[in-house]
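For reference, chains read A, B, C and D in written order, and residue numbers begin at 1 within each chain.
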Amino acid sequence: MNFLSDTTAPAHPAVLDAVAAANSGFAPSYGADAVCARVKARLCEIFETDLEVLFTTSGTASNALALSVLCPPDAMVLCHDEAHIHRDERGAPEFFTGGGKLLPLKGQHAKIGIETLQTTLAEWPSGFVHTTPPAVLSLSQLNESGCTYPVDEIAALARAAHGRDMTVHMDGARFANALVSLGCTPAEMTWKAGVDALCLGATKNGAMMAEAVILFPSVKDRFARLQARQKRAGHMLPKMRFVAAQFEGWLQDDLWLELARKANAMGKRISEGLAGIEGAEIVHPTQGNEVFARLEPALADRLREAGAGFYGWPDGSARFVASWCTQGEEVEALLKAARS
Amino acid sequence: MNFLSDTTAPAHPAVLDAVAAANSGFAPSYGADAVCARVKARLCEIFETDLEVLFTTSGTASNALALSVLCPPDAMVLCHDEAHIHRDERGAPEFFTGGGKLLPLKGQHAKIGIETLQTTLAEWPSGFVHTTPPAVLSLSQLNESGCTYPVDEIAALARAAHGRDMTVHMDGARFANALVSLGCTPAEMTWKAGVDALCLGATKNGAMMAEAVILFPSVKDRFARLQARQKRAGHMLPKMRFVAAQFEGWLQDDLWLELARKANAMGKRISEGLAGIEGAEIVHPTQGNEVFARLEPALADRLREAGAGFYGWPDGSARFVASWCTQGEEVEALLKAARS
Amino acid sequence: MNFLSDTTAPAHPAVLDAVAAANSGFAPSYGADAVCARVKARLCEIFETDLEVLFTTSGTASNALALSVLCPPDAMVLCHDEAHIHRDERGAPEFFTGGGKLLPLKGQHAKIGIETLQTTLAEWPSGFVHTTPPAVLSLSQLNESGCTYPVDEIAALARAAHGRDMTVHMDGARFANALVSLGCTPAEMTWKAGVDALCLGATKNGAMMAEAVILFPSVKDRFARLQARQKRAGHMLPKMRFVAAQFEGWLQDDLWLELARKANAMGKRISEGLAGIEGAEIVHPTQGNEVFARLEPALADRLREAGAGFYGWPDGSARFVASWCTQGEEVEALLKAARS
Amino acid sequence: MNFLSDTTAPAHPAVLDAVAAANSGFAPSYGADAVCARVKARLCEIFETDLEVLFTTSGTASNALALSVLCPPDAMVLCHDEAHIHRDERGAPEFFTGGGKLLPLKGQHAKIGIETLQTTLAEWPSGFVHTTPPAVLSLSQLNESGCTYPVDEIAALARAAHGRDMTVHMDGARFANALVSLGCTPAEMTWKAGVDALCLGATKNGAMMAEAVILFPSVKDRFARLQARQKRAGHMLPKMRFVAAQFEGWLQDDLWLELARKANAMGKRISEGLAGIEGAEIVHPTQGNEVFARLEPALADRLREAGAGFYGWPDGSARFVASWCTQGEEVEALLKAARS
């Protein structure tokens, strides 16, 4: 009954198989190998556009690298107050941008509303030398409350951002979970809605350590700078094929979507199960593989005693994360303990 | 006949086996797992001291992280003019230290001589507000010309550095190659000789992506800061067990030493073979797995035509790197092509 | 009728006289001269403690330098959402701290309340490697809404901050205005209440370009680092005597207090005058030389047509700043225009 | 007999008069005032081109700000090993560029030779992701050994730099001394020879604290970024008129050239005088107001006992600096003491 985080889960066997398959003979270093090339081609297909991509081994690295080519040192990133980049990355975006600022915005369910964005933009002018100008809008999809932005909301937010010559960054640590939840295409959820750069995470959804920074055509001209930043940050691995190979295994036969569907389904069962239990209240819509529930203390204690692993969240709720390998039996055991 | 770099080699099967073995069930994230703990214990044994360690996925990351806790932003690192940290890391040390300076020192065979160090220290005072003070001495072992510092040279250099309240950093991307070449113990080549922090590389010697930053007792109190820097730089991987596992496989049954011996033996054969060939001149003592030879153009062309892969070096020489999986047949084929 | 800012005012003649007096013969560079020493001694008297001080030429520089020795690169400064360091310094604190974070807190009249501080501290733990820890509490006195923190409020906030091993920074760009408004001593308003570092501004209150960073005994051990930062930031002027001399003239015969009283008195007259006028509403208590009034559009237009200079503020109000040289006639003219 | 540095000299009375003249009534802040505009116009005349300019209060600030818009964080500045930016600014360029690198080049009399530049450029490629690319060539004029680069040497160096898409920065802390020494026009010594950005110093030549960063038309498009950097670094003074006024007084009636000629003349007398004295050897051509002499210990002692102030230089020589207010009598006294 481990619902602590999808980062505590193992990797899917197909991912390891792909790594083993890549471990054959000599190969060019630093991303110039054939596996990297094949994965790039596959991502172009999946996203239906001519994108640029590089690989990293952590979501924090991906986000910070992407932001470092979108936000100058004397500019700022607008993000939600609950955003992972603001709360959980120990200042990595500030470090990689060379002292850029994150401006945290409030909003229910960890979502930035269009009015909030517009008000903020009105408050923070561009071109006024004394004031840090907004340069990037960062959206998490799936977000930190387990919710999705529908495609039209992304498009409206992106339009407002682009209207101020800002770019739009998507933190997709749980991109696949959001994608299968919304039922749209990868292209629709990103560049077609105005997203300029995407951090696509595989680690939480079945890989060992595999993340991708994707630049869509609108910002592709920044790719050389991104590579220089990657090198400079120690994220250009000598034997990059072993990261790309994880993606290869993960994308093959739509495994990534299958794993996300499984995790979401388990999330849904947890959410619906807890919703019907006295002393538990679901505090955010469950739109992926994360469930946030306010639990009465006695209920929380009972679950912990029964061996359930979950984190207390800063807002007082409890977070349950289903992963690609969460078993139905575990969910049943959790709900049984809750009901007893 | 690939002698381009040990980074083009695959990983040793035992390393992949260890990764597969670690891929079992849920495990704590971010380095709190059992594999990480076991590897730390093993390193304490190997280095005969109570050290602190964290894992990264590139040598550039290791070096930059180590330097970031040794060198304040307004101080500097003394290194050789050929040092990897100066020539080949795109300013990663400058980035991670927050604008620290690298001062390149000249010296034959990519080695810093004690007189050069002393002269430099005399030129650059500490405690003078206008001048960037030396804070760290960085030594590469094996170094960028394929040479070793004997233990007594390390000790003399470290004494001079410590006399100015500096710390000593060792870039050990090819640590095992130097170690088996000198025939001393890991402790003798590091903290017993005055090294404060070691970047121990496994990637070039049989791993996929596995590097360790080791703080010896003299600087262990900086470990919490090092972890914060690791997080902030995106190098604290969620599923860290998969990096530690590579070390576990690599260290087991002294595999790391065996692989280094193999690579060095092949390096020696290349070096001795080329030395006897008209038109080739060995320009640095071959003390590990790297051979630097000045080749007459016709000879270089002949080798390339025969399919040999090697890099032209900035000083005009050709670099041949033997890896753990370089075969005797390949070396023979190289030498045969050279002789013909 | 210039009420735009106290930075548009000229310097007091006594300040220029002191500069001229300092312009005699050769003197040691970079702050080692006699004028600097005299001003330091005078400040020790005024603040009744053995402080360290250095001089800069802008308030932004003072704040950023002070914060750079109080806040590590991977930590953060808590400040009000309206704070000058957050809104009006183009990311200088982020730059000087090497990527530190500012966390903006809400609160009426640009004041941080003790409950807000406590809630925030509970949300942002220290010692958790993933989260940026709070390191500094920054208070503006006089603040950005023209209000003061009474001494007991400063003490309560400082106690909470110190309880988390944070330090307390005071942005005293208008320190003298707050001091004479509260009627306490400089010591009471600073270190006796728990302030660790003070940025004391003279520029807005009669100097040309003269600011001081004061470290009280609790953080005096950071002075050498502060000097290194000052040098590194280009703020250690070769002929520092000319900045110190401005302080000498400004502090002599309590001129600084006299000028602040004048400016405050004019502020009070503007505030009281506007308060009685139809279409004007004072939105913050006037506790110094700044007045914030919500004006009906017709009234605002009338004032501007009459030649009054003032800024529209982001919250929709109008800001009127009285300076040391604001004349009673100007205030009368303003109020007359308002009434007509 | 103070020959320590031109920074220990007072300001010329005309500079203070100009400051007093500027101290009249209200004026726009942050450089938008009439004095700033007049000085800009005057500099356009003097340099015969449509330049952009901003003012700072230290040479270190000027250099670092200029370099911050010329050198990206992951690139580097080529400078002489003796350059002030490398030796005497405590890492300010590294700080302002966000971690850019300075590569020190050797060369007699603190001058970079064209062959050295070409060799260095060949060693450090651009466009190779692993290597820090050269972005700026920095020349000091007058340089740190008191020597000048003739116009044709500047042009040749600049051509080589531009051939690699680098820009050329001139550290003109003693610009006027070099200018009158060479007898060319300001335009000839700068943009006509390929200089893109100039740091023009007045402080050492009669001002209190007045330096200018000048962008010539080739890099004028970076001016908005330069202003943002100035603000962010705390160098955009609220009452900027008082810095600009110093320039106004200094430039008026060619005072700046007159003062430089005086200082140079005194330098020449010192140099010629010492050259004829047993136990003294002039080690660099005296081409401005700085004299470097190797003195026998007994001679050095004798001078110090007689009350002469001068610094021992790292290379073992003694540096004597003449300033705008050095008197002939002082020089005579020095030489008399030397001869006795």
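We take it that contacts are C-beta pairs under 8 Å (C-beta built on N, C-alpha and C of every residue); 3 or more make two chains touch, one makes a residue touch a chain.
Small disclaimer: the values here were computed from a predicted structure and weren't measured.
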Farthest chain (mean CA position) relative to chain C: B
Between the pairs A-B and A-C, the one where more C-beta pairs touch: A-B
Chain A-chain B separation of Cα centroids, rounded to whole Å: 34
Whole-Å gap between the CA centroids of chain B and chain C: 50
CA centroid of chain A to CA centroid of chain C, Å: 41
Residues of chain A whose C-beta touches two or more other chains: 30, 73-74, 89-91, 95, 98-99, 129-130, 228, 231-232, 236
Sites on chain A touched by chain D in the complex: 30, 73-74, 98-99, 129-130, 227-229, 231-232, 236
Complex contact set, residues of chain C against chain D: 2, 4-5, 7-11, 13, 16, 19-20, 23-30, 56-65, 89-92, 95-96, 203-204, 208-209, 228, 231-239, 242-243
Residue ranges of chain D touching chain B (in the complex, touch as defined): 73-76, 87-91, 94-95, 97-104, 123, 129-132, 314
